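Beneath this line is the structure, given in structure tokens, with notes to follow.
For reference, chains read A, B and C in written order, and residue numbers begin at 1 within each chain.
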Amino acid sequence: MSVPVVIRKIGRAYGAMQALADVDLEIGAGEFVSFVGPSGCGKTTLLRIVADLEKPTSGEVKIGGANPKEVRRQKKLGLVSQRPAVLPWKRALDDVKFTQKITQRVGYPADQLLRDFGLEGHERKKPGQLSGGMLQRVNCASAIAHDPELLLMDEPFSALDEMKREEMGEWFARELETRPRTVLFVTHHIDEAVLLSDRVVVFSASPGRVYEIVAIGAPRPRDRSFRESRIFIETTARLRKMLFQDLEAGR
Amino acid sequence: MFTKRSVMAGAMAAVMSLPLAGAALAQDLQEVKIALGWFRNGQYAALMAADVEGYFKDEGIAIELLDGGPGKNPIAIVGVGQADFGVVFGTSVFRARLASTPVDLTAVGAMIQGGPYAYIRLADKGAPEPTPKDMEGKRIGIQSDGEVFLKAFAAANDVDYDSLQVQIVQGGAEPLLTGQVDYFSGWVTNQTFQIETETSAEDAPDSIRGKIWQGMLLSDYAVNSYGDVIVTQTRTVEENPELVEKVLRAVARGLKLAEEQPEHVAQIVAAYPGQLDSEEKMIWRMTSGVQNGLAKSDATREHGYLWMEPEVWKEYQQFYLDTGEIDRVMDPSEFSTNAFNPGIKSD
Amino acid sequence: MSERRGKRAGAMGAVASTAFKVLLPVLSIFGLWYLVIYTSELPRFVIPDPKMVLLSLVENRALIAEQFMHTLKVAGAGFLLSNVLGIGLAMLFVSLPVSRNAIMPAAITIRNVPYVIIVTVLALAMGDGFATKVTVVTLAGFFPVLVNTYRGLRAVDPIVLDRMRILDASLWEVFVKVRLPYSIPFIVAAQEITGSASIVIAIAVEWMISRTGLGYVINQGMMAYEGELVYAVALVAAVFSFVVYSVIHYLGQRLNWAESNDP
């Protein structure tokens, strides 16, 4: 199950400060779309508007034809936050089950999920006993434990080291093969965005606008060799140029 | 207050008419609450003796003594009607009436005719009685509210106040006993027993063993005052004079009994429920003459126990006016009355 | 075999260390006490011999035990009510923020009124019975609970609240499963303050207005110039406060997610 997302004329102002202006995006069901851009470009704000954590000043979002609030009430949203949103007193396994208890939806067996995230043997540890990277993986597991149809990810792997980051990326890629779902993914890592996405949306800052949308025309599954492919190298180079030259110059 | 209560109590007794209803109600006695200025101890011997001997019962009254204590103010307790009568320090009667939010109480009798407040020292047996002049240059321990008294005492007796080395001390006699001070302000009915006990103890330090105490009463040397004054709401005086009369008669009989049979009173008061003085202290209190002596004056010999002379109240107020503690005086007839004095005279 | 012996030695070690932990303060207190007696040369009626105090404790054990029960009831009821009031108000403040503006100034005022004044006023308004004493203990003790609980309820990481919103948790679920557990370390910290304060204040109130409880025993001792009895009460009160503090501290560590990391 997955849903399309339509973002129409979204604007968001904080007082006199315009964070987002005229953002139009259409995201297909099962599509993986990354948001990249300089800090302050409003990409996290856009994600929070889709998640019904914030209201837009103008425009509207439709998820499978419904308002974000309705979709949230149907417990079809999943959010992987930048910092772990785990409960300090819960053991890893209990934290994953907590999501399932609240939503009354069991997407995956909790223990299997933790194993897939490389946390075998750590299921009964509390947050205080886990490393930062492990904690972020528990966070990911808890965020998708109820199998949400729309997954919103806000720099989810930024606390992980390079190796774990790649492993997590691969796990997600595999997982999306078997159970396709729509994903909105905010990241600073161009490599990660290219590796995982169907399309990469580049935002410009002040106010945040869509600067360009780059499609990654590579077939799935993408294994490690994809990183050496021409598409990967060319696309990342093009995105880098956009972010570090064109957009910087435009400031 | 109490009449209403007794009506209610009577109605309840009629409805219930059970043994549970209580002895006071069963015998149809009027319940009267008396708030004491301090915990019940030998100071209130006359009240307890009158209770035990049935003097209150003779008047158709059952009393309940309400203990005072560090956090209790009998003026306020009588003022709000938690008690029908109070036993208070004389000063508080006119001060309560002169306050910015006055409590409308009237003094109806004084159990202590001269205040027991004194400057006390230790001395060898047979030493001459102290004079105020002896205090010059000495260390004087007083309580935090005692400065006005000491100044008045010095002024009235031509003592050089500036030569006194004044220290603020607690209520106990310890500073005197440890030699921290040479004179100490206390009550001759109270701390003196502590002094006698400690100086005669087997393990008493050499510095105090065998010594005696000597005291100069403030009421003798400087300003006359009344202690353990019985007060009630002015409304009670007006609306229920018979009750005031009854209570005073019982108390005066208690005072008379204490004078005539001090040993007997010591014993019955020592055994009174909740009374805090030891039997030893009670016997000392009643037989040493200190307490009975304070209960008597020329006025009690002429008019009867509890009598209050307007002249004394005037002098007493004048002292507070002179020291700036109050800003005006009242005519004693406004806050005190001898109208209910039963006329039981002392020797 | 050797392992078992090792375990037993370990257990004995634990007992020895506990005994040491209990004995050390006792020894130091009595040591200090004697030191003051011998160095200050103060007479016995100012600072009685610990032997005499213990003797007085034994002699007056029936009186002290009986009055201790009165104090225990007042302190216990006041302690419970402090928590009901403190936690209740904190919950109200968090769920209905306008109530905080309305009630907090009054709470701060009550907290800043010296309790001796509260005692005097309440004794005149309500008499000197159980209700007055419990009310004073409650009014003197609820504030730390209120402030700490309120802080705890609001200490929740906003990112966790985002998660709860995404999962569409009800307000009740957020409260019971997130806010309350988050505030437990804060509530526990408040208990350590309020627990001992309840006892001290119960005794002080009894001393001021009551004819029952350890506070009244102090008055009895003072009236009779029995310094030993006063010290004996102080000893009982101190030991009791210490026990209450320790029990709360122990329970607190068991409940406190911030301090217990046992797997």
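Quick note on the criterion: a residue touches a chain if its C-beta (ideal position, glycine included) is under 8 Å from a C-beta of that chain, and two chains touch if they have at least 3 such contacts.
Quantities reported herein were computed from a predicted structural model and do not represent experimental measurements.
Novice: What's the chain with its C-alpha centre farthest out from subunit A?
Specialist: It is B.
Novice: Quick check for you: compute each chain's CA centroid and the global CA centroid, then name the chain with the smallest gap between them.
Specialist: C
Novice: Centroid from C-alpha atoms only, then distance subunit A to subunit B, rounded to Å. What do you get?
Specialist: Using C-alpha averages as centres, the distance is 85 Å.
Novice: Subunit A to subunit C: how many Å between their CA centres?
Specialist: Spacing between the chain centres: roughly 49 Å.
Novice: How many angstrom lie between the centres of subunit B and subunit C, each centre taken as the mean Cα position?
Specialist: Subunit B and subunit C have C-alpha centres separated by 39 Å.
Novice: Residues of subunit C that contact two or more other chains, please.
Specialist: none
Novice: Of all residues in subunit C, which touch subunit A in the complex?
Specialist: Of all residues in subunit C, those touching subunit A are 157, 159-160, 162-169, 173, 177-178, 181-182, 257-258, 261, 263.
Novice: Would you pull the subunit A residues touching subunit C in the complex into a rising list?
Specialist: These residues of subunit A touch subunit C: 51-53, 72-75, 77-79, 81-89, 98-99, 102-103, 124-126, 128-129, 142-143, 146.
Novice: Taking the touch rule as given, give the residues of subunit B at its contact with subunit C in the complex, in rising order.
Specialist: 39, 41, 67, 69-73, 76-77, 80, 82, 172, 174, 177-178, 194, 197-198, 203, 205, 274, 276-278, 281
Novice: Okay, in this complex, where on subunit C does subunit B touch?
Specialist: 42-46, 116, 119-120, 123-125, 127-128, 205, 207-211, 219-220, 222-225
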